[in-house]
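Mind looking over this structure? Questions follow.
All chains are identified by letter, namely A, B, C and D, in their written order; residue positions are counted from 1 within each chain.
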């Protein structure tokens, strides 16, 4: 166990700090760490970061990246230092995080040259078209279909839970193109310009009262067949290479640490009956239990980083982050609400509400994350099957499954 | 010996439920909470005919003079319907304080109007539950001064009962120096307000003798619990129906053991809680020496059970349960508000221990 | 809602109190409420109780009972008053509670006359032979089999979790008699004298360190075919009529009330760092949560009684008692242990251990009850299927089920 | 930067595990705990060759002078094996107090013997964790008087270190006036004793400078956590193996979603806890300013996680998990004891809050 980074990395860190100090004020936005949307100032900043090797670091130079070898320690230092300096890390979001790795692995040379460079600079913003109303946990059940007419794919159907759809130029979507094929086999991975006629984006309001997501409707949306990535019908396999990545991104320990600090602040400041909530032994006991979990998740993230550095599989340890992280964040928000007593029910729109309803928002939003991106149920299936080698649910004949409902 | 709801109570539940299904179905609830008023005053007045508005008003003042258990039956139905109606604030808390402590003249002035739904009142007594910074009301030289927070169902009330210690002051909504400010909460089916008093002269003042305020708060805790119960019933039935309908991996999710077990856990949690609620409601009228403890434990228990239950229900639903469009969120938030109202679980558990001399 | 019993019942209660006061000292044992084992003084006491209509109340007179109509309120008064007076209620156990109702419903006249009267008086003690090592939750999977040789049934196999086997004269057992029949259909309900050659009782020690149960081994155990109750192959149906009853008996609210009072006593007396455990807000908060649950379970029992009095089905409410009750008892014991701090780990055999390890014993034993008599898992299946009308687990082809393990 | 166990640590874990599989398989563990002694002294001496007994003894005194994380790796293996060995009491607590505060002469006398397994010691310091009625030791006029409870691994120890405030007194087991009484606990794989002092003259006394006692208790908390971790690992692997093997309703119970999810919940709970344990162990040597808090939170967390986990494991097993004959109960009880040792969760959470100035 060695928690130091070694001299070469400390040099990198020092240079980065210097950069952030001298040029940090050129970053767009004030303190946000990542920006998933486009915009001129972001593109300018992103180009500067790539030039210094601080963004798009592992993307080959020929496609607009910095072309460096992957190094998890460098990645960690970047995350730590940008976070500490509260400076934008440049372009983030599903385009650079999910589409670009997919294209680099499965895309045609043409696709790579067309889409990777503008995505890397933030000039082209992407959204993801995977989930459907009828296919949440069970992505292979997607119904949005495309029929081939000559060189054109004509898409009809509906996607849901697409964040940033309203700001995106492009969507990467899963579309059923081979209706005859078995469930997992008939799906293609398709790149769809968002301004294609027949494509309609509608904001999806969630229980938080805000539209963090969208629904996207396809009515005879026509895109070239050349916009399919990989071979037709291979979309399921292609999508799965990046899905694992998404599951790791959610529930990161930094969010929990931030929330924990916030709860301590709430409990210190919130006075009921002349005592701060921190003086309540019952609430304090809950706080300490959650602190242990927060630190555990931080240690766990370091451990996963350690495995990656050694080039080892993190095994079952790598599968439990989301299940724990979102639950922890939800519980932290729940404690903050309880600490506020009756005041905990206040939401956005009153100055009596602490941090403009942040805690109620987090309480609901984190629950949404527990549910979304693979529900807790699905996470447990994955842990028991991939992690513990337990058998899959035995296949049930469709007739038996349906008749069961009446039985 | 008969533990359980009577024929009349079952009929009452059915009547109120049917009324809400017809007059306040969910689309109408959404219309109300998206509108300017946080309640549906027409529906409220219409409920007077069913004896709902005046269920706790004595017959001599035109009320139905029902038991608190009857009122809890109504509250369960209102929770089940996520009804934007001031049953807790006006028909329970304010009514019981008036009935328990106001002068005959004040009673005669207000109770008939509360009973027929033509007036609504709210009780400003959050300070009795939790004393907070930047709030509190004083009464000096015949004038009220300060701030009262978290006045339940206070939006659109005709008058407020303001507790200052054991004194209660009646303040019409139109009183000079009174500022009424809505407090937006997560649950928009019930409205909290903040009252600001700038040298307000009350229309009347009286002493809440015989622990009238505490008794009203006890009753309020039973009624909130009943509301949570109704919300949970709705969340369970929505979950089961959804699970039977929704298919994943080629079969209804109701055939998945994990989903079935979540539904079973909800039921297992709510049924003994329902029994506790009935007993707590019954004891308020019939076994008053036990009722403060029972109301306190009951509300603490429902706060916990309800809170866990609506999370489980949301989980059974998956993504759709997280949308605004799907109705489950109405109950998720209604329970979220109820959990904190009139004291959260830690507060109430501590109070229950005190009541028994265990603390 | 009317919690009074009415004058006729109060008369009954008054007479019973009078009886308990004047004759209570004739009861065997000191304070135990029920006695599942035999013994002369118990038999004498039981006969006296039957004579007064205080025991075997609903069993017809011709079979040795008091021959009264079932009346749940009388049953409740009996339970309350014997409990209050701490006087033995006479014969209890699986013979009178489970076998007798079964025989009265399904037995031949011969069987009723031979077995019911001595069972009712406590002269004949029974144990239950249902569970097997390979058939816990899944009773229909029992393997103990009987082959018919003329008038004789020859039994081989093994039963487990048989309490009181070492004191019993007889066992009522489920035995597979029709190996060709489908799973549920091939089972018979058989009465087996415990002194039959080839039958061997071995104590089964549990994690508590004590043998609360036994294993019973059958090696060519020969009983008359006439000892089968009902028709051959009907045993599954016959057993199920009494199983429901057992599930209600477990986890009764009186046990929880007793444990709750005990925890309060422990917390009042247990001093750590100069404070009683009751002074710890954290432990007190847990206590209050459990008190609410304890009262809820008591109210719930009253509600189920109310349904029975009105002759109504208790619906889903009747299915949740065991799942909640055993868990509550387990949690109460867990709180007592925590209240004792390091002292909570002490077990039987030291005077430093409070009530000779009672709380650790209860903690483990109640966990055993959560597991036994239908695990929590099975209880949840029952609630969701019978209570909520959700479908049964779809049938899985045996081949699919097994291949799943490798998959 | 390398977070995780080193090659050497993995080898150490494997070596100790293999040793226990060979020398202390479960049947032998049962023999030991059913016998007169609560530990296996031969196995303990044999472990000296692997550096286990003296892992925290300085090299100058013949020890292996390993880190606390190394010791935690060993303790995880011992927990996994439910080993009846005095690693916590003698090799951790007593060793660290001697090493941290005893005079060079006392160190030279005892540490080599602790290292080679020829002697065992135990620390009587339960009073530092919880002050209880009817116990406590005083030191006046050169004599110890009173009772020390819950001395971990005290059975068969050659000498005791008795803490009275910040003073530590060394008392040989043979001292006049010393009564040693076994305290039967649920977990028979580790022995607690009660010491009675009747005017006992210690062989030596020293002041626990530099918070040596607190540091030892911190280390002890990490080691108990590691023991819980090993026990949980065993409970999980037994549960998964059992679920794959056991058939109900015509298929292995491992195919039932409810069973799979229980197993997944156990893993999900234990893996981040394992990461926390490693960090807490590491910090004891490398980041001492954080280590008291980490040890405290770590033990509180493991007490809760372990407690829930062995219950789930028992539930996965069904009836057989409740029998004495099946081995799972050994770990159920071992975790049950560990939960309370050196402070239960409420106690430790309160302590953690104090350490950070949050209380």
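The criterion applied here is as follows: a residue touches a chain if its C-beta (ideal position, glycine included) is under 8 Å from a C-beta of that chain, and two chains touch if they have at least 3 such contacts.
This structure is a prediction, so every number in the text was calculated from the model and none was measured.
Comparing the CA-atom centres of all chains against that of subunit B, the greatest distance is found for D. Matching residue numbers shows that C-D is the pair in C-D, A-D or B-C whose interface repeats A-B, with more than half of the contact pairs in common.
Taking the mean of the C-alpha atoms as each chain's centre, subunit C and subunit D sit 39 Å apart. Subunit B and subunit D have Cα centroids lying 51 Å from one another. In subunit D, the positions touching at least two other chains are 244, 251-252, 254-258, 261, 345-346, 349-350.
Listed for subunit C are residues 280-282, 285, 377, 380, 391-394, 396, 401, 404-405, each touching two or more other chains.
Per the touch definition, subunit D reaches subunit B in the complex via residues 256-258, 261.
Only residues 1-6, 9, 73, 76, 264, 278-279, 281, 284-285, 287-289, 291-293, 295-297, 299-300, 302-303, 305-307, 309-310, 316-317, 320, 323-324, 377, 379-381, 383-385, 387-394 of subunit A touch subunit D when the two sit together in their complex.
Touching subunit A in their complex are the following residues of subunit C: 280-282, 285, 391-397, 400-401, 403-407. In the complex of the two chains, the subunit C residues touching subunit D come out as 131, 133-134, 136-138, 141, 160-161, 204-207, 209, 271-274, 280, 282-283, 337-338, 340-350, 352-353, 357, 360, 363-364, 367-368, 370-372, 375-377, 380, 393, 396, 398, 401-402, 404-405. Interface residues of subunit B, counted against subunit A in their complex, comprise 126, 129-133, 149-150, 181-187, 192, 194, 244, 247-252, 254-256, 258-259, 311, 314-315, 317-325, 329, 332-333, 336-337, 340-347, 349-350.
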